[in-house]
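Consider the two complexes below, in which subunit A is the common component and subunit B and subunit C are the respective partners.
On to the complex of A and B.
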């Protein structure tokens, strides 16, 4: 199939007046679908903005939450905010090396090819696995006694299986396919002659990866990371199951930072969930305020992706 | 120099194997945990009936005696399976039509400025966390449906069977459709853009109008991509737990299509939401095992869907249509 390079699309000059009625109806439906998407997005953003301005007070960001009976004394969401940041950072820190290494191995080595195919489908499987299933897998796996270091333990050595450590390990599997995907895409976009030039200079594959490929695919890795961070910050199911469901950060015993990570807490997503009619908090204004902050975080990460994509345009081969 | 290179290959390969190991562990441990629930019910697990509502059965399991010999496992999970299938398939069908039209619009008919708006719009809709969709659903749409769309007579009609509060199939499907449509739009747009211009220009040169061209040439050429998009969206819908637990009514009830319009307003609860809402019961062994059984159903379904998407994409590659 000889297909030339895609050319600029020529603008068709055509009046729809001559079209059959069915075709014109279809065209109208296309317009309706496109406009509906815009309207829905605008409605969500404007509504959240309106609610956010109405409910968000700076004090909410620095006050710790408390189990108040009414909205007025339920406190702020300082702890959930910290929880979101900790979980996002730790999840990304785990997913980044795993995703990049897997993509590098698959594209640059990929031997034996059967294993490579299996790994490729494996990533697809993880991408398709619902986060709720990842969550209960994490609970089953990390409740075993050998992982007692990672979470609270009750009397008689029963491991609680819920902590920041465990939640961020499972969160990393949400970000993994995204990091892997953009890294692989970036690697495949590096032309073969770049690698060949490096080999011709007597460099090994590993040296080529470290000195040539890694620096040049950095924007791709960054895009995947930002996408992954957005997904981690927005996930609720893993938090509800694996973070213990305490409103405040509850530290387990041990050295300061380690004990917090071993302990339980909440994130913005679980805070919104608990304070919605579905949860027990029933503080709708607080839920709106936290959801607004969460939406800003997610939109900011999206802008970051746009920014990275624009920067990427500067690096050109040949 | 060879040894260092070989070591690097082994190290990177080991990272890749972690991924495979994790999938195997996941399947094995979820299945192992789920087994008692399936084993004690046999095939009846998937059926309906059992004399009590599914929620009553679940609370019996939750309140089982502490002695492992007396654990209660009796469960007929049909209402939950049906609720999952109902919500997933309805929003998938509606979303697919919507996404296909929107994708055609973006690729072919949208004026330049609108194209520029639509791209971030699709990305934004895909990126909004499900809990925010759920919050808007439960605080805006549910009260609207409950107070405005459902008349008092309708509520009184069925009061002895089920309470209509606005938490309903209708809201669940509407919000879920909005959540899964952008995923499909993004994938279909990429595929449509990859159709060689020579094909569509050839059609246009024969005097076929733009709609007919894109419908009969481009859309037909990217059918595998549309299937792959639908499958991925289906996996997403199947696993959606938080939003649905917020808006679907959280009642193990099978909405009956024979009820006419009331059907749309009846509550239900899919499998994934049942797991989230039972999160505190994991410490009760039989209840936890029942929840793992729900997880196992979701895991197996998503494995099958991943496989389906894989094959759909492969046939796309055969036509040279992946960008």
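On to the complex of A and C.
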């Protein structure tokens, strides 16, 4: 390989002119990869923005979907929007205490160690399970008679196994590993001497967790929660299988809010699916509008994560 | 290689300035007068006014981690009214000994302790561990205020476990007095609601001392409290330690021999887990009995 005559270096020069050709090619490829990613991200956002501006009408946000299968002539996606919000909130409400409690137990107690290892790999399994598998499992599990309170029941006590309740429970398993993971990371980042300082003042383990550790890891918990919410809002498989496939919210009878949660509905993701060329809604422009709204929601959540993570870096122990 | 022995240092004396021990006169050689040279008159220092009284007694204490001994058969007494400095090379067991005094080593699952440890003649194992740790509090090497306000940090030890009671008005006098004793009150009095982690390193460490003092402990354990601080903050905290010994027993672990010389009334030298020498600061620094002590003080090893 042709290499120029060795030159005497007097200072570090930030120039690739002296590099070997192979290194320069590799550097160029790294640049290209970074730029390509930006271009793809920009293409998605700009395309959706363009389509969104074309298709999104304020009325779509407040109109309910039309009664029939076809959405071409009438109807908006008010119900799917509510469905996304309800499912995200409920899934998070279930996942948050579970994930935080599990991480606290694992890091602060973690004994017997065999059980701790089992819990850890259990969560890894849940994190690695495709959501369609979770959905199928949830359907089989919650169709049992003892869960009849959670969904529609047909004649002869056949349990439908599809409702906001059931979808939320399975959705929480999508957010759980993320909440657990970032809570655990945050706990591990708290130095041991901070805990000991609390014990050395005569505090119990629980008091230390409650008054020292939880305030310290709040940004970590928030990051994990925001990540989990983004994942729930964006998941389709669980919605398609476990939310009953009705574009409108269909209440199942009982007290007002309970009946809605026991009933079926849809989310923005399933609405997009229904109206895309793959579904029956046959209203592509409305699919674009809903996809645009969904994208905005998820991007907003991501920016929230960045913001929280930046806040985190303020004052820490050494 | 001949290492330079620690230079002479001025000892901190509370009252009566004339008794301050000045550095040896230049005639002793300004370059490297050795404070450990045998036969050198021991630096005299006035004892604090308070009567010296035994608070803790350590008898034949051994601690092992997974069977590996860290502290072997150490016996000594910890007295109110004086500062005890634990010195020795890294890994000699001094921090383990310190942490055992308020049963913090119990947090390490592999640690095993034998021997007896008593606080005011009560066996510490008979005391509730939270009660013991409230009476024998500790300050750590790294300043570690809790992520809450200055006020809440100091009030932390006074409050009922995880509760927020008693409320602020009832605690304000105790918090103020602890901050005053730690010499921090004047700097933070106007904004007690500031997050404690925004304070400077030296202020944080004094806050940690205030926090440890708030519950009116009988023994204060300090684990290299100045090693993360600049000289100015160190001087402030050393002054504070000397003042504190009047009302409680102070045990300090330090790697800094000059610091031990400045603040300690009695010194315990540990080596490989054993207590090699224990005596008054004058005696240990002036006329060490054991060869190991002399060598360590002269900087031959450690």
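Simple rule for what comes next: the second predicted complex is superposed on the first by the 286 of 318 C-alpha atoms of A that agree within 3 Å, B and C clash if a C-alpha of one lies under 4 Å from a C-alpha of the other, contacts with A are read in each partner's own complex, and residues count from 1 in each chain.
Criterion: a contact is a pair of C-beta atoms (placed from the backbone, for glycine too) under 8 Å apart; a residue touches a chain by one contact, two chains touch by 3 or more.
Every value quoted in this text rests on a predicted model; they were computed, and no experiment measured them.
With both complexes brought onto subunit A, simultaneous placement of subunit B and subunit C is permitted, the two fitting side by side without a clash.
Within the superposed three-chain model, A:129 lies in touch with subunit B and out of touch with subunit C [touch as defined at top].
Looking at the shared chain after the overlay, A:299 reaches subunit B, while subunit C stays out of its contact range. Between the C-alpha centres of subunit B and subunit C, as viewed from that of subunit A, the superposed structures give an angle of 110°, to the nearest 10. Legend: residue contacts after superposition of the two complexes on their common chain; A:212 is shown touching subunit C, with no touch to subunit B.
By the document's definition of touching, of the two partners only subunit B reaches A:140; subunit C does not.
In the superposition on chain A, A:309 makes contact with neither subunit B nor subunit C. Subunit A is touched at more residues by one of its partners, and among subunit B and subunit C that partner is B. Of the two partner chains, subunit C is the only one touched by A:197; subunit B is not.
Once the two complexes are overlaid on the shared chain, A:27 sits against subunit B while remaining clear of subunit C. Looking at the shared chain after the overlay, A:93 reaches neither subunit B nor subunit C. Here's the short version: in the overlay, subunit B gets within 8 Å of subunit C at its closest Cα pair.
Touched by subunit B in one complex and by subunit C in the other are residues 204, 206 of subunit A. Residues 1-2, 4-5, 8-9, 11-13, 15-20, 22-23, 25-26, 29-30, 33, 98, 101-102, 104-106, 108-110, 114, 117-118, 120-125, 127-132, 134-136, 138-140, 142, 178, 181-182, 185, 196-198, 201, 204, 209-212, 215, 232, 235-236, 238-242, 245-246, 250, 272, 275-276, 279-280, 282, 291-292, 295, 298-299, 302-303, 305-306, 309-310, 320 of subunit B touch subunit A in their complex. The touching residues of subunit A, counted against subunit C in their complex, run 191, 193-194, 196-204, 206-207, 210-212, 215-216, 314-318.
Contacts from subunit C toward subunit A in the complex involve residues 102, 104, 107, 129-134, 137-138, 140-144, 146-148, 156-157, 161-162, 195, 197-198, 208, 211-212, 215, 221, 228. Interface residues of subunit A facing subunit B in the complex, by the touch rule stated above, are 1, 3-4, 6-7, 9-10, 12, 14, 16, 18-19, 23, 26-27, 29-34, 36-38, 40-41, 44-45, 47-48, 97-98, 101-102, 104-106, 108-109, 111, 115-116, 118-119, 121-134, 136-137, 139-141, 173, 176, 204-206, 209, 230, 233-237, 240-241, 245, 269, 272-273, 276-278, 284, 287-288, 291, 294-295, 298-299, 301-302, 306.
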